[in-house]
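Some structures to go through are shown next.
What follows is a pair of complexes built around subunit A, which joins subunit B in one and subunit C in the other.
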Partner chain A sequence: MMAAKRKVAKKKVAKKKAAKKKAAKKKVSTRRRSTSASAPVQVAESTDDVQRLLKVLCDTGKLIDVRMAALQSLGAAAFSVPNFESVSADYIAALREVSTDSHEQLRRRSLGILMRNKDGFAQKKLLDGLKNPAKALLPPEKALQLLGNDAHAGAYSVARAIVKKPPNQDAKREALRLLAADVKSAPMFEKVLRDKNELRENRQLAASALHSLNPQKLQQQALKILKDKSDYSDIKATSLTALEQFGDDAKFAKDKALMLSVTRFNSSKTPAKYKQSARRFLSKYDQ
Partner chain B sequence: MNVELQINNSTAPEARFVTWVPSPCRIRVTDPSGASASTVSVKIAAVSAANGGAVGFRSGTTGALASSLTLTVPTNGTTVPFFVAGRFGQPSTKSGDVKIEARVGNTLVGSSQLMVRIRKNANKLTNGERDRFIAAFAKLNNQGLGRFADFNNMHKASGYSQAHAAPGFLPWHRAYLLDLERELQAIDPSVALPYWRFDQPAPNVFTRDFLGESDANGTVKFRNGNPLEFWVTDGTPGINRTPDFPTSQAPPNPMKEAQTLALGSQFRTFRGMEGNPHGLAHTSFGGSIQDPTTAAKDPLFFLLHCNVDRLWAKWQRQNGRFDPATATSFDERPTSRPGHKLNDTMWPWNGITSPADPTRPSNAPGGTLATSPCVAAPGLQPRVKDCIDYPGAINAAANMGFGYDDVQI
Partner chain C sequence: MPISGDATSVMSEDRFADLVGMLSADPVGGAELMDLLREEHPVYAGRGTATIVQMRGWILLALARIGLSDQALIFVLEELDTGLDAYLIAAAARALRSYSKPNEAFAPFVARALDRIRFHDEPVSFERYGEYATSSTGTSAVSELLAALAWLGPNAQAVQPQLERWRAEHGLSRKLRLDLDRALKAIREPDRAIPSCCGGLPAAGSVSIRAAMESQEPSSINSVLMQDQDGKSVKFLEFFRGKPAIVVFFYTRCDNPMKCSLTVTKLARVQALLGARGFAGRIRTAAITYDPEFDRAERLRVYGRDRAVRTDEDHRMLRAVEGNDALRSYFGLGVNFGEALVNRHRIELFILDATGRVAVSFERLHWDEEQIVARAVETLNGFEPR
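After this line comes the complex of A and B, so read on.
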């Protein structure tokens, strides 16, 4: 009995190995094919068309361009095909299937659509990949960006860990973006915004996050940045925009030090593209 | 002597905006001093600023527009009607860049500054037009909690069937864009919604100064100082958008304008444009604009749809399809679900939710449609048929108060 079971298990392993070999062959061939010209994109008009396109999408024997074109057609069908909801479960199942495909572009797109539909399967796959890079379907920065479609406590803890020890700067930026929905992260964003050693792109993002999480704090920090002669022009332009767009006009009109700082910013060696923010601000107060 | 000019029959500054459609105006004597008779002959003409808009006049509801008009105005304060319209091909670039002057003889007795406010190609906006538009949009979004949140919510999954895959697709989105545009105009009246011609290259649109530049990861980047750097939706800052085409070129898949206009002379065939070019314009990108339920998170969505509406407007003019009572102007079907028949009111502006009608969503974000100080249509709770005769070609009262730079009326 045991021997028979072992024999079956061996056969299963052999079958799996053969399947893996076949898949690996396909991976190579599809990668080669991906350089071919774009396939024409057709528009689905009915749920039958959708079913046909789903088969093309999942067919690993087809050229990747043909499968990507099918995905684009399916996306358009989601906007316009009557009764699309009757095939949406099949659509989601197909997207899950191709989310582990050998082609990264297809994984990116399918996981993107799934995450925008707040799909639990995709969310788990992406979180698992961030915790264990060997399992990752996408680079960490893309996974974090997609997780931002359905941010929650589980994703926040992973994002916090990545901010502390980022695998690359893009991943840190996307982790910060994800945390912008987390109220507890407001003090961290305040720190990032004021840190002159931080990447300016991250400081710009911190201003946006703080505007969302604690707008009063952003206004306070923006005022400080504008009055700080040693801070950078681009961050000052961001701060000015925050004040001009969302601040208390009456209060600013009485702030002589602010007006002086902005006038100085406008007349100094500031690049022209940022001076525009100063001019827009000053024109509000007839300065 | 002094006269008062009432644009759109109003003295309010926010009503001093016209399109290609003649706007009803009035003139009256407010100070008759110096008048020796019971009436006075007043000549009105327009003065345009450099690169400013141009207008023409007529005294009645029909007839050609003239560059000046002489009106006999009673000195007792009674109003006299006239009409003013933008000259096709000469829209304004900023508020008040056209001035109507009223003269008795050579004496200036009154004036009013106005704007020929027209929806334009986003790729051709002046820097000023672009900057005013994005500033107003950022204000509407404010923290992701501003009025824009309603527009984002209107286009989510629950409202999908109210607006898509059915005959009401084009009228619903016309009302949706107009609602948003009026909210932008409440912030800055000089703003008109621009359109993204997805069948032409639009390199000026996908820049850090306008709708942003996508990096390899699909994160959209803005120049510091572009107010859209503070864009937030559903609690998350920023925009995700990955173009599948070089943004110096047009996306390859959506059909061209000429092909779209040749989809047939009946609305029931023309509305096939919902799949192509509309759907394929959406799916020329990865990111939120790719999916119906998240598309409205990206400001580009509104420029894409403005072009969809422009194509419909152009098709309507080409085929004379403004009369809702004519079968070729709409695809009326007894089997269409509520919200997709001519006499149906449209969600969410009608406030009808699932407890009252199970075919409607459970909530109705945003309330009634925003009003305009310039026109009365399409009303607070527009019906499908209220969104067809947008220039008031059949019924002047149906004029919705918008126009396109390349669509004559």
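After this line comes the complex of A and C, so read on.
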């Protein structure tokens, strides 16, 4: 009887062990698969290694994961390899070549690296794509974001056109970001800031842009927004910060309508984080 | 006939390239090509900086085809002295090699350009206008500069130690080693030496200094209203009359550290020299922005402070709040604008006499602080600058 029981228990243990082994095998094979899916990143130690990586990057016969890994290694090599600059021209040539590749991910990364170096080739390609979407290498919002790396890129007119007739909301937001350095766009930012139908994120962007381009205009608009009962709390809070941090002290303390609006805002059902701005303002200016 | 006015401001890039091609084929086209290199030329108005790089590079290459003249030399040296763009520097290096004879005074210009560009070299293509190289099999800025040193041969002996140190560095690419070896071999050949006359730049190479300008005191300068770094308003002639003044131009968003940032830093050194010699109260200084809409008082103040610029009643950072066009025309400024921002400018410093007229100007190449102080003191003492 006892022996039979022991036999059953042994069988159970063996079964458990087998199941464990199976599970462990499964885990290993899954790990192997995932490793081969994202190609290992090779570390370049010399300019000869860099040349080999550049060949891999430009080889359209290689898997995209392998090419992306080569691009990542090259990015690291730019910092770590002694005298990387002696292959800088080869690196730029390779980046320009793959910036028109069929894989969007590769285009995006290579154009990003080029634009951080204010590369004329990348600028031209991105601008051409914004003017003629059939030629676009990247979605308009990404192209605008990259062009924003260079204030001298000559992208303002195309960004203004996108603000007027945006292909999507992301593109409009990025166009506004880019135009935040364009002094001629200050009147447009005033309109965006005052437009209650505009996305609030865009209105916040407009406030920030106006602060940089024409601080007096931001002060004027902020005063109007604070006195407008129907405007949103977050926009009012931004306006309060603008006035409190950068405004004309003496003038505000004497503006009874303004002080009344801020007091009303402070006692409304506004979320506490916005009320903080009102409290700071009142403690500074309320006499 | 010089091309100017609005006609060229709307010129397409294709037409521009055709024009440059036509001028380079014309035996007397050199002067017009040089005219096209003026920064204020309307052909550059409204364009982005990358386009201007291509346009100016194409002109330099055209000058290289016809042979660089004495008068055009300054544009090439300027690019080597302060340029940051690989294409323009490569074109300037190629143009230099078309000059009639090597001169040892060119070597430091090439060496300085090499120092700057070697850390961000680019492949360049000179085949067609507007073309960007997407292969590294052709030339690059560093290759063109090393070829210029090889052309200078023994005239570049002053930079030989610098090249040898570079050649000894570990891990250089094969292509660069070959280019360096070629340049070093040419520099070490003593029998190729062509002695340079008088040990300096050719006479026309120093046209960076101009005596009194012809167009002076147009009545419109009276309308120029300026604001200083503290927000104080002052009329142009209110500030610039009564004492001589040293005036530089800059803008805070300039991304070439060899231009505006260095100019304003050097102005601070000029101020220190004036102070040390007891002239701080007798000679004024001013740094005026090209970009007055963006460079508001606060930005001027911070930019000057970060570069140790002294500011008080006689020494100011300024922007024109009214009459900026009149200001540009009064000084004949070498600047142009893209859609809303400066797209190209030269280095320029002016010494004004006590009536506010330009007595002398220093353009394109970097000026020496001691020389500026000496000229300003001459102006103060009523001497005509030589």
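Definition applied: the second predicted complex is superposed on the first by the 197 of 287 C-alpha atoms of A that agree within 3 Å, B and C clash if a C-alpha of one lies under 4 Å from a C-alpha of the other, contacts with A are read in each partner's own complex, and residues count from 1 in each chain.
Going forward, contacts are C-beta pairs under 8 Å (C-beta built on N, C-alpha and C of every residue); 3 or more make two chains touch, one makes a residue touch a chain.
Everything quoted here is computed from the prediction, not taken from an experiment.
Q: Given the superposition on subunit A, are subunit B and subunit C in a clash or a fit?
A: fit
Q: Per the contact definition in the header, classify A:Gly61: touching subunit B only (first), subunit C only (second), both, or neither.
A: So A:Gly61 meets neither subunit B nor subunit C here.
Q: Give one of first, second, both or neither to describe whether A:Val81 is in contact with subunit B, with subunit C, with both, or with none.
A: So A:Val81 meets both subunit B and subunit C here.
Q: After superposition on the shared chain, which partner residues are touched by A:Ala151: those of subunit B (first), subunit C (second), both, or neither?
A: In the superposition, A:Ala151 contacts both subunit B and subunit C.
Q: In the superposed arrangement, which partner chain does A:Ala237 touch: subunit B (first), subunit C (second), both, or neither?
A: first
Q: A:Glu141 in the overlay: touching subunit B, subunit C, both, or neither? Say first, second, both or neither.
A: first
Q: Have a look and say if subunit B or subunit C is in touch with more residues of subunit A.
A: Counted on subunit A, the partner with more touching residues turns out to be B.
Q: Please work out whether A:Gly112 is in contact with subunit B alone, subunit C alone, both, or neither, and reply first, second, both or neither.
A: Touch status of A:Gly112: first partner only.
Q: Minimum CA distance, subunit B versus subunit C, superposed model, integer angstrom?
A: Across the overlay, subunit B reaches subunit C at a minimum of 6 Å between C-alpha atoms.
Q: Taking the stated contact definition, name every residue in subunit A that is touched by subunit B in one complex and by subunit C in the other, in rising order.
A: The answer is residues 81-83, 85, 117, 151, 181, 215 of subunit A.
Q: Considering only the defined contacts, which subunit A positions touch subunit B in the complex?
A: Checking each residue of subunit A against subunit B gives 38, 41, 43-45, 72-73, 75-85, 108-109, 112-113, 116-117, 141-142, 145, 148-149, 151, 170, 173-174, 177-178, 180-181, 200-201, 204-205, 207-209, 211-212, 215, 234-235, 237-238, 240-242, 245-246, 273-274, 276-277, 280.
Q: For the complex, which residues does subunit B have touching subunit A?
A: 131, 135, 138-139, 142-144, 161, 164-166, 169, 209, 217-219, 221, 223-227, 229-232, 234-238, 240, 244, 252-253, 272, 274-276, 278-280, 282-284, 286-288, 290-294
Q: Note which residues of subunit C are touching subunit A in the complex, please.
A: Within the complex, subunit C contacts subunit A at residues 47-51, 53-54, 85, 87, 118-123, 132-136, 140-142, 169-173, 175-176, 253, 255, 293-294, 296, 338-341, 343.
Q: Can you check the complex and tell me which residues of subunit A touch subunit C?
A: Interface residues on the subunit A side: 46-47, 51, 81-83, 85-90, 92-94, 96-97, 117-121, 123-124, 127, 150-157, 181-185, 213, 215.
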